[in-house]
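In what follows, chain A forms one complex with chain B and a second complex with chain C.
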Partner chain A sequence: MAPQAITLGPVPAATPGPSPSGRLRGAAEAVLIPLGALVVAMLLFGLFILLIGKSPLEVYGFIYKGGFSTSFAWQNTLARAAPLILTALCVALPAQAGLIIIGGEGALVLGGLASAVAGYQIGLSGASPAVVQVFMALAAMVAGGAWIAIGGALRHFRGVNETISSLLLTYIALALFNHFVEGPLRDPASLNKPSTMPIGEANMVGMLPDLDVHWGLVYGVVFCVIAFVLVRYSTPGFALRIVGGNVRAARLVGLPVGVLLIGSCVLGGAAAGLAGMAEVAAVHGAANASLIAGYGYAGILVAFIARHNPLAIIPVAILLGGINASGGMLQRRLDLPDATVLVLQGIAFMTILASETLYGRFRLFQSGPQK
Partner chain B sequence: MDSGLGWWGVPIAVLGGALRVSTPFLFVSLGECLTEKSGRINLGLEGVLVMGAMSGYAISYTTGNPWLGVLAAGFAGLLLGVLHALVCNLPRVNDIAVGIGLMLFGTGVAFFLGKPYVQPKAPTLPAIPLGGWSDSPQIQAALQINVLFVLGLALALLLHWAFRNTRWGMVVRMAGDSADAAKAMGYSVSGIRLAATAGGSFLAGIGGAFLSLYYPGSWNEGLSSGQGLMAVALVIFARWRPLACFWAALLFGGAAALGPALQSVGITSGYYLFNATPYVLTLAIMVVTCSPKRTLSGAPGELSVTR
Partner chain C sequence: MTLLPGAIPPPHGALEVQMVGITKRFGAFTALDDVSLHVRPGSFHALLGENGAGKSTLVKCLVGYHPPDQGQILVGGREHDIRTPHDAHALGVGMVYQHFTLVPSMTVAENLVMARDAVPGIIRWREERERLHAFLKTVPFKLELDAPVSSLAAGEKQKVEIVKLLYLQRRFMILDEPTSVLTPQEANEMLGMLRDMVREGRISVLVITHKFREVMAFADRVSVLRRGRLAGEGEVADLDPERLAEMMIGRREAGATPTRRIAGNGKGDVKLAIRGLTVNDDAGMKAVDVERLEVHGGEIVGIAGVSGNGQRQLVEALVGQRPREGGEVHVHGEPFAARRSEMRRHRVFALPEEPLRNACVPGLSVAENMALRRFDRAPLSRGSWVNWGTLRREAVRLIGEYQVKTRGPLAPIRTLSGGNVQRAVLARELSEEVSVLIVANPVFGLDFAAVADIHDRILAARDRGAAVLLVSEDLDELLELSDRIVVMFDGHLVHETPIDAVDTGVIGRAMAGHVSASAH
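What follows is the complex of A and B.
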């Protein structure tokens, strides 16, 4: 029996001929099915809220209020969306090659740690803030990229399942992070909350003009656009998608499968590492336990809802950032546990995955006669 | 060291830890072994484990009977397993992705429903003291065996026997090795996998109850540290053999006990690194046992994780 290939990459838009209407129908399918799945998730979550004796309408009202109503809420939402965009890329880019990497959390904390060390050391030499920030970003991307590359390399050279190895690597990364932050790299002045040496106020990345949102959001959006162009319109991106579609075919054509697999992991890891740098350079000023905030795990969900399309990641991350931002309000106003948001995310994840079965099933979205 | 055992305290604590810490590994890996034998991987057992720990603790607290808690944990796991199987039975849904979803869903629901039970103290499971012959309190502590551990050993033997000698075991293995053969014999492959996933998750739920009702013996959000996930790797290491799962679980239990054991003799500097031993060990074992060139011996033919 021939093994079935796991297709994870973007479904080729409307396979029978690239007619304009076919393309439109394909796009409509790619947007409407996930939206429908999210609506079903909202209904199921509403049912769950009803069962525990609260009003779903009130809960959704507060999610809107806490995430999307005022400019303050939007700032909070966008600040939370910034790391999600980058950690989602850590899932979406390897997914183009058919890998399911879920180790973004590890790349984020190690990237944050590397950038904090680089920022402090280069800051000592008296370099200008711009230089310090560039080196911080580079250190973070190298650390994150190298970390995720381990998962891709183990897959390619040893056949180790990359999903399991990337999650194990995350646990190891967290142990390394805690070891260094509470041990060799600890700032003796950080008493209550162990941190690395501060990078200094002058070297912090500032806020976007007219917005109270830090530059991390821009990093994410730029990274997404680059990733989209790379995957959709460049030759390596095309080769990557061939690997994702059918590894054997890719080998037969003579594509450098290993380079492509590991390269996609390096890029994805670099994105997650950059998320750690943005958290250090724009929010915390040093690496400490605040970096371990679950952004890596939420990023997995973002990537799956966006169906690994780098551009679709941006709106999905903003939606999820808003839901996360409203968690505090749900806690205070409705006396719901902080895990409420996790339940909603879990339900959304399951409905999104179940909706995979619907693609190609609706006549409305197909061009040409059906078999 | 107050007991005078000195450095000998380390291997004894590791042995005791292996006996104590291995039980959740054992249950989750046996459950995963059962599920994978049917040709499907459930990566969400981490979520099942946490859900089992929460439900077991909550029921033990409300009823006062820890064994009812164990049963409840199993059924909570079973429900999640059914959910996993139903979603995976849909055509073109990837079982690894659904496992990740179940991991997040299970932990989310467990944290949500378990909030009221973080503070109260529930009755926990009793232990069988096998170290009564020794005067040393450390050896006595090391040889405290829980009933669930014995049950897990019996279960490993039972599964080992059942996979070879019962019609039921052969049907599960057939679905795992060749779905076409099972179909040709008139069996429903999705039905078999539903049963195997539900049964496997029942066992994983019990493994969670061990965490909250015996060791560490309380419920909080940091209770599980990836045991559910490591058990998936452990099954690959054990080559899908229930008895090998037992020995592998002991090995992993010992690795997990290394950090606390070294801490007890005063080595605290590399605390976090020692606690990462089980993850490094898991990864090392997977690197050594996997190969890109051949299918693993003993792997069910339909399994997506090994190809």
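What follows is the complex of A and C.
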């Protein structure tokens, strides 16, 4: 197997157009391989459950129950999926340009912080809630975009590995966040849980009609659809895929590689920042330590399972959200530690990465005779 | 030291090696065709040839990396079947590679002990050191045993490599372009010491090189390879660089280049002009220093040179794949920084070497790859949106016109054969009006049909008035296509000649770094 077998970058999106059987086989491969990897992950996780003396079937039953059985469970799941969709985009968009960015957590908390500050300050001026929310979203996207752009710029101008730098930048972001929340920006009234000044009940983003799920889910879905259309059908999206597929060829045809690389980071960071804004504006009402919930890291897993396809992110995020949502039930009913679902996520991540080597290896998925 | 069963090691001193009728094929490609080589015991033998002439393949047959398909190898007067490097080592044949095989973080002493054929499980360092010291007294090299290898200069590392082979009791030493990483002083010192040991009868040496100076100054005998065949051999004392150059690149009567096509239509305007261009290699060393080069419309300027003399970096800097350190490039009299808008305005196109690596996105389809130049312009796009239908129809048209063999426009381009990848790139780069065309090794590794086709298309572009800069390691290709030939050596353009006045001897010497004042 050639060394480039493990490509962590995106699957180059196939040209839209006919050759129906070929496309069908390609699509089948793109769905069945990750699905197979997930099944393997479930088997391995089952072994783990057996080892600690519980029944795997029972555990999977409760995961289904806690995540997907009732409308209450679904609401819980969707609420958790909303930030995952956006943080997954923070991985998937730079991945189109061949970058592996794993710093979504940092962009999320800084986006949340920026939006909390913007919400409070603009709220003071007496602007209408809609205006406040728009500015909160803008502030969050600017902060998140700028943060991830640092990683892209370090890579482009200084050759620093963007995976490492974005990960390390996250720690800086968390430190900055804690410094401001517990220091200069702290609301004196927040005693036990240091928080920024509340944006005010009136400025909060509400729930979706008839659902106990906030609007953050809609932000995520809209962002995914826009990202998909841009990557697939726009000329900058095509340029981005050229850069991601072979940067030497991109330079040969004179594409502005730096602009595209850093631009994809800005867009991805903006998505993660928006996730922070949604958490502040729809859930917490202010920026505090509750923002640091690991959504940025879980988003990495979502993006990889979705193979960086923006549309596939949506169902994968819902699946992961459901597994997360069932953690509490596993704890209550089976007396399993809260972290059990993290074990499942970790195993799934490893099997998904391992399955990357399988693409193009099954004759079933190959259309026509190979050269 | 373990010995092959049945092998009788000649007791001590320099080994004799004879290779008789060696033939080696890789698939349909014949790398070596009936080559014979005789290195007498206690001689300093040079193996000379251009890149791809088969020098490395020949010695790899000798050291067991790929055994020959036909022919015999005699070591110390007896025939041996050398299948693995281990077999070669057991016979006392060792090789110093172009790239160092030392562990940088370990000291010289550790590296030497490590390299032994049988390292004991527990190393008694005191004994080892005593043995090393005693051994070092017998060699003309001075080494600091406790210095970490990473702190040594390239010349010193090379010495450690040689000492290592002596320590391992190799008595036939092969050196693959040993001086390519050395300063001239280091090279002289090292080759001089090797020659002294040869004179003492301790070792025989076979040096792969393309530097005439080293052959003339140090070698006793020389064998010259050209395109996998033995092009000549003899005592160095009976030869001169001119004769060597002739053997290396073949003898051609002045002006008699029978395969040459009609010359370019004379001089058009200067389309591509380079002034004082400097470019660094990946390690940050200056690789290109081109004072002045101009290419006119309707002519092909060929850049000749042994690979590794800055041609690759020059091409990369021109097409935008490598930053420039200094100097200017003008196209049509305007500064050219290889931006997309400039390429489009001035109609600059390129056929880089290794097209799949340099000019294509392997995972994208043939259709998408064919659109890399034009996807953001009408009719392939409307505003900011790619028009996939038109893009695909364009690709189908080009696939037919350029006879690209593919399963279809949507097949990933990496599934195509090398010749068809190059045809797809040609279709993209030559289907529009071309003003400036930059070409590097366009037919490397392709079959004859593809070669002729691609050459025809490059000539056709020139005949339509394009200024073509052609970089190639194949001098025959340059002689066939170019209207003017420039030789690049060590990053500089050292020799220039119109095609009608070509003297291949002069070109060969310029390629090897010998520029006579009369060359200009």
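Just a few scattered comments:
Following the convention adopted for this analysis, the second predicted complex is superposed on the first by the 352 of 371 C-alpha atoms of A that agree within 3 Å, B and C clash if a C-alpha of one lies under 4 Å from a C-alpha of the other, contacts with A are read in each partner's own complex, and residues count from 1 in each chain.
Keep in mind that, in the parts below, a residue touches a chain if its C-beta (ideal position, glycine included) is under 8 Å from a C-beta of that chain, and two chains touch if they have at least 3 such contacts.
Because the structure is a prediction, the values reported are computed rather than measured.
Greater residue coverage of chain A by touch, when chain B is weighed against chain C, goes to B. Contacts of A:I242 after superposition: chain C is touched, whereas chain B is not reached.
After overlaying the two complexes on the shared chain, residue contacts for A:I148 are found with neither chain B nor chain C.
When the two complexes are overlaid on their common chain A, residue A:S234 makes contact with chain C while staying clear of chain B.
When the two complexes are overlaid on their common chain A, residue A:A175 makes contact with chain B while staying clear of chain C. After overlaying the two complexes on the shared chain, residue contacts for A:L255 are found with chain C alone; chain B is out of touch. Shared interface residues of chain A, touching chain B in one complex and chain C in the other, do not exist.
Residue ranges of chain A in contact with chain B, taken from their complex: 1, 3, 6, 8, 100, 102, 154, 156-161, 163-165, 167-169, 171-172, 175-176, 178-179, 182-183, 297, 300-301, 304, 337-340, 342-347, 349-350, 352-354, 356-357, 359.
Within the complex, the chain B residues that touch chain A are 43, 83, 87, 90-94, 96-98, 100-102, 104-109, 111-112, 115, 178-180, 225-226, 229-230, 232-233, 236, 269-273, 275-276, 279-280, 282-283, 286-287, 290-293, 301, 304-307.
Across the interface of their complex, chain C is touched by residues 11-12, 14-17, 19, 22, 233-239, 241-242, 245-246, 248-256, 368-371 of chain A.
Of all residues in chain C, only 319-321, 338-344, 350, 352, 357-365, 367-368, 372-373, 375-376, 381, 384-386, 388-389, 391-392, 407-410, 412, 415-417 touch chain A in the complex they form.
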